[in-house]
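Chain lettering (A, B and C) follows the sequence in which the chains are written, and residue indices restart at 1 in each chain.
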Amino acid sequence: MSDFGFELPDDSEEEAPDWLEGIGDDAHSGQAPPPEDSQPAEGESPADDALIPPMDDHDDDEGPDWLQDIRSAESVDDDREEEPNRGDTPSEGDPDWLENIRQKEQTRQQELETSAIPEDKEDFETYPGGQDEYEDLSQPSPEESGDPSAQEASSPDWLSGLEDETTPEAAPSERAEFDAAPQSFDDLAADADLEDVPGEPPSGFVDTGSLPSWLVDIKRGGPPPEDTPPDEVPAFVSEDDQENILPPAEDIDLTPGDLPSWISESPPEEPPAEAQAETPDPEPEHPPDLARANLPNWLHAMRPVDIPKAPEEGLPGHEETLGPLAGLQNLIPAEPDIIQFGKSPTFSLKLDVTKTHERSTDILEQLISEESRDRKPRISVEAITQGAVRWVVATLLLLSIAVPIMLGSDGIELPASDSPGEGTSRTLELIHDLPPGGPVLVAFDYQPAFTGELYAASTAVFDHMLLRGAQLAIFSTHPTGASQGVNFLQHTLAEKHTYIADQLYVDLGYLAGGPAGLRTFAANPAGTMPQFFDIEGAEVSIWDWAPLDQVETVSDFAMVLVLTDSPEVARAWIEQVDPLLGDTPLVMVVSEQAEPFLIPYYRSEAGQVDALMAGIQDGAYYESNRDSEHQARAYWNSYSVALGISVAVIFLGSLVGAASMLIARFRRPAKEAKE
Amino acid sequence: MTAFAVENLAIFGNLIAIILSVFVLLYAFGDSPVFRLAIHIFIGVAAGYAAGIVWHSVVVPQLFAPMVALEASGLTPLDMLLRVVLVVLLLTKLSPRTARFGNPASAYLVGIGAAVAVGGAVRGTLFPLASSYNGFFAMLGTVATLIYFHFGARSAGQQPPRRNRIIEIIAVAGKVFITVTFAAMFAGVFLASLVALVERLHFIWTNLSTLLFG
Amino acid sequence: MNNLNIKAPVSTIIAVLVAATVLASYFLPVPEGIPEMLLSAAVLLAGVALLLGVANLFTVHLSKIVQGSSTALYSTVLLVSLFITLILTLFLGPKGTLPLWIFTYIQIPIETSLMAVLTFSLTFAALRLVIRRPGTFSLIFIAVLILVLLGSGPIFGLNLPIFSEFLSPIITNGFVLAGARGILLGVALGTISTGLRILMGADRPYGG
């Protein structure tokens, strides 16, 4: 059963045309003939007629019966065009259903004539079948009504194939959609809820008894289609008509007082659709003077003619407004919703702030404002105490050193000469055993910061060496070491000894590379540190000049004396040079801070360091033993006093700390006992 | 330079030295701008003087002089080529864009340093010190000190890893030896600094009195 | 230039070969001249490396001046000092009158004074040690410190032989000897393991 109220004949024996087979798989053969008016309605494509071959091109005996019926119907239509009242003269041989349709049309036309329908609405009225068709459609289909005889009688055979196209689920919705479609321009206006509709609907239209159910719904003010935009115009309405029918929405005044009376009437309760479907509407009367259109019913029925009602079931309605699919509903939109053009919605920037938020904001604002404020740091009692102690300690030390210096006394004696340290004694022996004029390699490998201490420790040693006639070759693995040596010899010992550069000592310069430099120097001193000096215009290698002319390796020196402040430098000398020294003694005069890590080398059975002197105390011992006064003597008084003050301060501070620690330990058990 | 100029230069120098020494010694009472000024002067002078010494003592005699007189320097052409190539590669470290080309020169220095360190440690420290016997007490202390630096421990389930009990006891003894050693080292540093302070004040007083009183 | 692709294997091979050759010369007879050649080149490279360090110092402080940092004035002073000293030393030599004057009357006084200031800091740290870190080993540390100081010279002119001739030698030749030897052996073992890792190419601190 088709959706349009027609029952198509079940002529399965006959072969359906290809075009009809394409419409549905289970299309019944023997399609119903096209409606009587086969002329295409306004706006229809002329190709629609091509689907039905003209009568003249075929013999009457060819083709299926339905096709012959169509042709015969066409010929009847052609004849009818010449007759003003074509519906009055039934043709012989017409099927009963066609006769019924014709009668209905005539009745309807008569009614229309009496209701004075405006002429500009002829387009709708002139299509073959017109209201009749819609009435038929509005009537419950014979299948739905459950009347098998009605099913067979009311539905043309040719429509039987069309019913396969529609799904059972969609069929009722489409039917309802079709029912809801307005059938006249008045209906359009009613749907759009427009006031300015040209012409008043004829009073005859209020008579709901002659109208299809869908039209009745509209007149009764039934709910408009859900997705029906009020301003949309059906596709078939020409542009000229649009201007007359649909004024701009902003011009519409929807105050209740301006609406037509029939709209403003309270709509009666809408009977359920099923009840509507069960109550057949009376057949409309056809105005006799309306010309019938040649558009087949089935084609026109398929055409989207009006603003459709949103389907009650299925997908939400989306009506296309542009392009060839304009007016169709339930289409998948061409553009996804996310790229719908138009003004983007504006959102309020007002935040929903709670009291908790406000409190947190206030606290944060306060914190940030405090950061930028200059705050003087709170000075704790402990910091004040520490600062005071620091000042006291510094003042004490400075005074303990400055006062003896300012007094200039030598009250404090040097250590006794009969009890020198082991290292000092050994150094004395080795220097005493130096061969006269023997080359002594002296390395000034200390930083300038330790100049004072090493001056105090080594002045007497140098004095002793020079008195023994040693010829010195000074160099350094520290960049400024050689300059310190020159300073030492020129300024410190010049008071007692006259040293002429390049005669009693040679300056070999700076040896880069640290341990690697010492390693290569020990193996090849002349190649590692080439030196030339100008003697009477001739360049002479320093290694060809006495005292270095006897030296090929480091073991050729009479003694190697290393002055250093660093245990690492001393270790490098011991590891890299000492293995190649052979019998040449290695004497080290070091800072007090390097002594602890050189004692193992000094005490080793291999005798890696032959003599070790450290600090001002060993220098004082050496001076005392040599009975000479040098830097150690000059510093000894201040050193002694400052040493005492330092020991006292450290002792007192540690005593206080130990006492507080013990008190805390005793208090802890008492606290724990209380708890 | 004349003796007069030299003498005046020395007097002026002593004055400068006194002022700079006072600037630095004021740090005993807190940081000050003059202290920072003195420090920055020192860094600039030390760096400039060291660079000049390196140029005169290393680069000129060991790179440029052999280029001019290869035979007199006693170097072979291979020797010279090696030096030139390595120096050029190392100079590429000046720019971050070319720094990676200096990696071979850095690798060369690292390889030499590692070899010298290993050879010296084995020959100069490990064998001589390990084979020396200075009494049972010294040997015990040496072993205890070495054991203190042994941190291998077994995990005991959920408890934290702990060393062997005997190792723990010996390690405590080693800690005592290490504490005493570092205390002696601290004393040495303190005495060195004390002598430096005495020397500085002695210098200031001596030269100030010479400047003021003649 | 990017396609030259100087990679780690080249540097690694250089480091390994050079290290193996020099180390072998410590224990094995090596063809004469090769270790000396390698070592003398290393000496030159070490000197050039020092010059690179000075150049880096120059660029760092120059950038501080250009960027106008808060220490730009001090950086300016530093660069001026460096420039003057370098020029004088390059043209007059390290033993020249002016360079030596700068070294004697500027560098030595400042550096010695820095060492002198250490006295106050060490004294202050020592007297607060037990307060800040109470414990047995802190007490041991302070006790040994005081004993060594008392044995380092006359206290207020008084010689104390019990400290200088008895206790101090016991500490030095007993505890310090053992402790220092253990530390030196540990350092040597660490040096050997690190050096061997470089020799094997496991460690590549030269940008490999």
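One rule holds for everything that comes next: contacts are C-beta pairs under 8 Å (C-beta built on N, C-alpha and C of every residue); 3 or more make two chains touch, one makes a residue touch a chain.
Note that the structure is a prediction, hence the values are computed from the model and not measured.
Remark: among chain pairs B-C and A-B, B-C carries the greater number of C-beta contacts. With centres taken as mean C-alpha coordinates, the chain found closest to the middle of all protein C-alpha atoms is A.
Centres computed as Cα averages put subunit A at a distance of 49 Å from subunit C. In terms of their C-alpha centroids, the spacing between subunit B and subunit C amounts to 2 Å.
The mean-CA centres of subunit A and subunit B are about 51 angstrom from one another, to the nearest whole unit. Shown for subunit C are the residues in touch with two or more other chains, namely 39-40, 42-44, 46-47, 50, 94, 103-104, 107-108, 111-112, 114-115, 119-120, 123, 126, 142, 145, 149, 152, 172-173, 176-177, 180-181, 183-184.
For subunit A, the set of residues that touch two or more other chains comprises 390, 394, 397, 449-452, 479-480, 482-483, 511-512, 516, 519, 527, 571, 592, 596-597, 600, 603, 615-616, 639, 643, 646.
Chain contacts: subunit B has residues 28, 46, 49-50, 53-54, 56-58, 62, 112-113, 116-117, 121, 123, 125, 129, 132, 134, 181, 184, 187, 189-192, 194, 196-197, 199-201 touching two or more partner chains.
For subunit B in complex with subunit C, the residues that touch the partner chain are 1, 6, 9, 13-14, 16-18, 20-21, 23-25, 27-28, 36-59, 62-63, 76, 78-79, 82-83, 86-87, 90-91, 93-94, 99-101, 103-119, 121-123, 125-126, 129-130, 132, 134, 137-146, 148-149, 174-184, 186-187, 189-194, 196-197, 199-201, 203. By the touch criterion stated above, subunit B contacts subunit A in their complex at residues 28-29, 46, 49-50, 53-54, 56-58, 61-62, 65, 73-74, 112-113, 116-117, 120-121, 123-125, 128-129, 131-134, 181, 184-185, 187-192, 194-202, 205.
If you check the complex, the residues on subunit C that touch subunit B are 6, 8, 10-12, 14-23, 25-27, 37-52, 54-55, 57, 74-75, 77-86, 88-90, 93-94, 97, 99, 101-120, 122-123, 126, 137, 140-145, 148-149, 152, 171-189, 191-192, 194-196, 198-199, 204-208.
Every residue of subunit A that touches subunit C in the complex is listed here, in rising order: 389-390, 393-394, 397, 411-413, 415-416, 419, 447-452, 479-480, 482-484, 486-487, 507, 511-514, 516-517, 519-520, 523-524, 527-528, 571, 592, 596-597, 599-600, 603, 615-617, 620, 636, 639-641, 643-644, 646-647, 649-654, 656-658, 660-661, 664. Note for the complex: subunit C touches subunit A at residues 36, 39-40, 42-44, 46-47, 50, 94-95, 100, 103-104, 107-108, 111-112, 114-115, 119-120, 123-124, 126-132, 134, 139, 142, 145-146, 149-150, 152-157, 159, 165, 172-173, 176-177, 180-181, 183-184.
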